[in-house]
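Please see the structure below; I have some questions.
As written, the chains take the letters A, B, C and D, and residue 1 is the first residue of each chain.
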Amino acid sequence: MINVGIVGGTGYTGSELLRLLVRHPHAAVDVVTSRGEVGKPVAESFAHLRGHLDLVFSAADTPALRNCDLVFFATPNGTAMHDAPALLREGVRVIDLAADFRLDDVAVWEHWYGVRHASPELVADAVYGLPEINRERIRGARLVANPGCYPTAVTLGLLPLVEAGVIALSPVIADVKSGVSGAGRKANAGLLMAEVGESFKAYSVAGHRHQPEICANLRRATGQAVDLTFVPHLVPMVRGIEATLYAPLRDRDAQLQALFEQRYAGEPFVDVVAASVALETRSVRGTNNCRLSVQRPLDGDIVVVQSVIDNLVKGAAGQAVQNMNLMFGFDERAGLDAVAMAP
Amino acid sequence: MINVGIVGGTGYTGSELLRLLVRHPHAAVDVVTSRGEVGKPVAESFAHLRGHLDLVFSAADTPALRNCDLVFFATPNGTAMHDAPALLREGVRVIDLAADFRLDDVAVWEHWYGVRHASPELVADAVYGLPEINRERIRGARLVANPGCYPTAVTLGLLPLVEAGVIALSPVIADVKSGVSGAGRKANAGLLMAEVGESFKAYSVAGHRHQPEICANLRRATGQAVDLTFVPHLVPMVRGIEATLYAPLRDRDAQLQALFEQRYAGEPFVDVVAASVALETRSVRGTNNCRLSVQRPLDGDIVVVQSVIDNLVKGAAGQAVQNMNLMFGFDERAGLDAVAMAP
Amino acid sequence: MINVGIVGGTGYTGSELLRLLVRHPHAAVDVVTSRGEVGKPVAESFAHLRGHLDLVFSAADTPALRNCDLVFFATPNGTAMHDAPALLREGVRVIDLAADFRLDDVAVWEHWYGVRHASPELVADAVYGLPEINRERIRGARLVANPGCYPTAVTLGLLPLVEAGVIALSPVIADVKSGVSGAGRKANAGLLMAEVGESFKAYSVAGHRHQPEICANLRRATGQAVDLTFVPHLVPMVRGIEATLYAPLRDRDAQLQALFEQRYAGEPFVDVVAASVALETRSVRGTNNCRLSVQRPLDGDIVVVQSVIDNLVKGAAGQAVQNMNLMFGFDERAGLDAVAMAP
Amino acid sequence: MINVGIVGGTGYTGSELLRLLVRHPHAAVDVVTSRGEVGKPVAESFAHLRGHLDLVFSAADTPALRNCDLVFFATPNGTAMHDAPALLREGVRVIDLAADFRLDDVAVWEHWYGVRHASPELVADAVYGLPEINRERIRGARLVANPGCYPTAVTLGLLPLVEAGVIALSPVIADVKSGVSGAGRKANAGLLMAEVGESFKAYSVAGHRHQPEICANLRRATGQAVDLTFVPHLVPMVRGIEATLYAPLRDRDAQLQALFEQRYAGEPFVDVVAASVALETRSVRGTNNCRLSVQRPLDGDIVVVQSVIDNLVKGAAGQAVQNMNLMFGFDERAGLDAVAMAP
């Protein structure tokens, strides 16, 4: 049994970590911090945790974090880079669910995130926490950069194609759609239900931070530079990401279904389905699964991959727990065996 | 004032026609037919029409249709091709909101729709009712094939690029998303709110009937054969279509914004917005507008066009009224001046 | 043609006023103010108004308001009581869509709204703008207090019963449900779609400001003091209010349907439907209608009234326009003839 | 480990039983029947079960049911009364999730369900499966009538008040609201998302079958006849029931909060919260909990109880599993320890 802490437990990734960890067989949540709600019972902020968790929020600088085996940063971008180093020095392992350590090129990071990186020396140390490409390094990591939600869905969908060299690397299109919980739990008039309900839109078409993250993933895993166009959209639902990925087929004889099935044969959380199955986001809701399908519309030369995840689970908190399981030698599936909630 | 009839008035395109026509300054609805609800007041089936319409449903073969100046077929595919010819022979003009006359190649039509065409001789006569490419021919038409909802959004988005020759014609990607009213008002367990609410999915990835329709439109308007990959998705909302379109830029000096603005300068229902404007489907809800934006993500070589319409208005009934206005010499905007309903 | 101004045009009641007024045959919007967005085109904040309105937001204290025939306050509670007096002194007529002048008892108002009333001397002058009980006084009013959304739905539902004396006055229950736009357009984490989507709850059960407003309405109209329990609920949709009202029947021979039909026989915006009709909020969406039905479940001694309105139209901006029409001698229906948008 | 069967596994109560049972520590699902999908893998119909269940649908009359320790009927009303007797004779225990055995008065049942009861002799034998009032009888039951969703929420909310005699028994009002999954998974145009999305309505106001069930529950548990007015409503969401209950307080000194807390002190699935807590349906989504609060608005004489459940769990499948746990001597909580999914 390990003791874990959560820094910034008042957002959705924090509450989802709690939802998963209160059922985890090998981890106990010892401390949850919040800047604004110190002393308040966590279950008052998150009624769904009532009866499952007896903690109150601690201050962000509580020394209790130093006694944890692992601390999750469920904070906005730019927090962990300041606060993680001290914990790491104490021997506490860290998983950052934000973006601070996701890009190994600090200059690129600073360009996209608009601030100076506070701990550039840690960036090389950090392990990108996508187990499907980095499992062994995650096992030994002190600091894991938990992937973004979109990059998880898109990287897993493109990976088999790029690795196998069956597609041309340009142009590759990722048209992705997310439920509104992906935008977090902050007071923002643009995310009111009266603003985003019963409507659909693209956003950040000119450029989104997850584009370089995906490209870095694919380069890291395959050595290839993919020319990716990435357009995110907002869906009037709470949870779920669907990515529809398009790439020009180079090898017309490629056995795409087999390629995907083989690539992910041993993966506990990647499920390749037949092209005939409709891939609904709700089929993975509340679970750590990524479901993929691959096909060639009208038997043409464009490969289309569909990828669905729950943005708060495989796209955030569930993947963080999967990484924790790897880092501490637990069964990779521990605490992550929920059945999706449908309808 | 003309007298119009609606065949098949119990679906969403029929009820939307009624919603628009009861306010139209130059058209009066004389007859609405229904196979299943003969004798029932229309406003009992459609409570929103209560107080605006005093008709009862007539039988599908009512002779009253022959006294109309214009009959709209708001029927399933495969109905108008049987029933329109008799009306046309009586001098009644016809607008078919289904697909029977949308493809000029009868063999292609029969392939996609899976039945023999009952009136192939009429196909050449029919005018495809997208005013932005066919305005003059619509004015003189006896039989108008009202465009599909997806083809309207996609064709208008790609047209300026193809006409001007600024993109390569392959690969062109149309990733389109529709609210559930696009699937019609039929008892279908797959469209229950408990099935499609809080979820998102692609469908018909292997091939969808609107793909050949869009290709035919572009070929008709520009003489060019576009290699189009078209993937539709279902959004958990009632109304609205968003299309995100991707094409390789050929001419890096193209002034895309100006190109779109000039192409649609005189169009009453196409509105080109600045790239900085978020294109939400609700900004056109209930209206006959198509809103477009164009940009190059990360200043790269892929052009991204966004196109939003209300699938029941510009994507169906509103465009049919626009066509009626043209056919009868009314102001093209007559009856179509609503302000979008937001929030 | 009159010139009107809107103070506080960045919320939902303001944008809905604009949606209605840009189509009004006898009123032109001359000025729209905003504290935060001075100089910005209104149609940038409200994309659905693009093409319909060419104004920019003015400062809240713009002298242009003094040249208006009528100024609407679409502001938070507590604004009009400060700013309306100066306009009234200049001869400008005022309709306040907030609560400042709705309760004639200033002490009760101050209790519920928690501040001192800034213009208690104007309260007696103000006319409560529910045309169905106050039409003649509204025609001559300088200052109209536009009713709350819940009070509109509940008052119209209970009025015939109380006036006719067919129910006991205690206990009367109003279980009301509203879409989220009723909570306004302010940055509030509690109204994020991720918080209120796919969920349902009661709120303010201990007491809500609209309870005394409803009781005052019924007392004003009938001289009777109703012992009302009022519980509001939040529905995961954007627009619409449904009120289910329960009262003990006193007169078992009362002809309830006839009573309601007669009470509202001449009313342009109240529609009494048969008990067999399902009263959906969407059947009045976008319109100024209130639809009512009345029945006795299991033929028992409890009368159940259903009342549906669009909270932004008959519950706010539409009723304000109806009041404007009365104040200026226009057709009461002018600008309010939309057909509901369904689906 | 017991072997269980499910008759009628293609609806929502069936799929929800499967969702719960595949994780149950003491029960294994051996057989799932379906009239329409014999031979089809269950996980093809229910994608969320993929990877958790390897069964195919069996025919409704499969002899395999006779080898089960327990069979759940997740069928429409009127099925179990025909098919359960044969199983019971074989010693198989039965839980009917439909209404066939819920009312002990056969004449009343026949009145409300409109058919002759096929097994009236079994009605007296059947135990109404609401553990909070019938725990001991359920332990020994051969045949359990699993309660309706609304009756569960309403009965648990009213029970402490009626038992303690602190309210007058007339008029008692239950204004209840349900997500659309409560209506089942049948092709019904009235439940399309395009029909029920973005709208709210009451239904069955004249009388609903759950009214006599609730009255029977309260009479059974307390000996009192409650004069109940019950009005159900449809909420545009998938899961969840909220009941707002109103009753006249008789004993003004009653300690309502304490009364509720004491009544449910030992109950594993009833959670009484402070009046200040907003009771959202999502706070119990996916769980077997019923959450209750009680208060007196404006300190008046009407008691208001709020009750929230997940209609598919405590309102159907979860309660059935709770009953199974009792019947077979398992921990009552076994398989029912999920944390609610929010957001």
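Assorted remarks:
Going forward, contacts are C-beta pairs under 8 Å (C-beta built on N, C-alpha and C of every residue); 3 or more make two chains touch, one makes a residue touch a chain.
Nothing here was measured: the structure is a model prediction, and the numbers come from that model.
Just to note, of B-C and C-D, the chains joined by more C-beta pairs in contact are C-D.
Chain centres were defined as the mean of their Cα atoms; on that basis the chain farthest from chain C turns out to be A. Put simply, the C-alpha centre of chain C and that of chain D have 39 angstrom between them. The distance from the centre of chain A to the centre of chain C, with each centre set as the mean of the Cα atoms, comes to 45 Å.
Averaging C-alpha coordinates per chain places the centre of chain B 36 Å away from that of chain C.
Annotation for chain C: residues touching 2 or more other chains are 12, 179, 181, 185, 194-195, 197-198, 236-239, 278, 280, 282, 285, 342-343. The touching residues of chain B, when paired with chain D in their complex, are 12, 179-181, 183, 185-189, 191-198, 236-238. Chain D makes touch with chain A in their complex at residues 12, 15, 19, 22-23, 44, 46-52, 181, 185, 197-198, 238-239, 271, 273, 277-278, 280, 282-286, 289, 312, 337-343.
Within the complex, the chain C residues that touch chain D are 171, 173, 175, 177, 179, 194-195, 197-203, 205-207, 211, 227, 229-231, 233, 235-240, 242, 244, 246, 248, 275, 278-282, 285, 293, 295, 297-298, 300-302, 304, 306, 308, 342-343.
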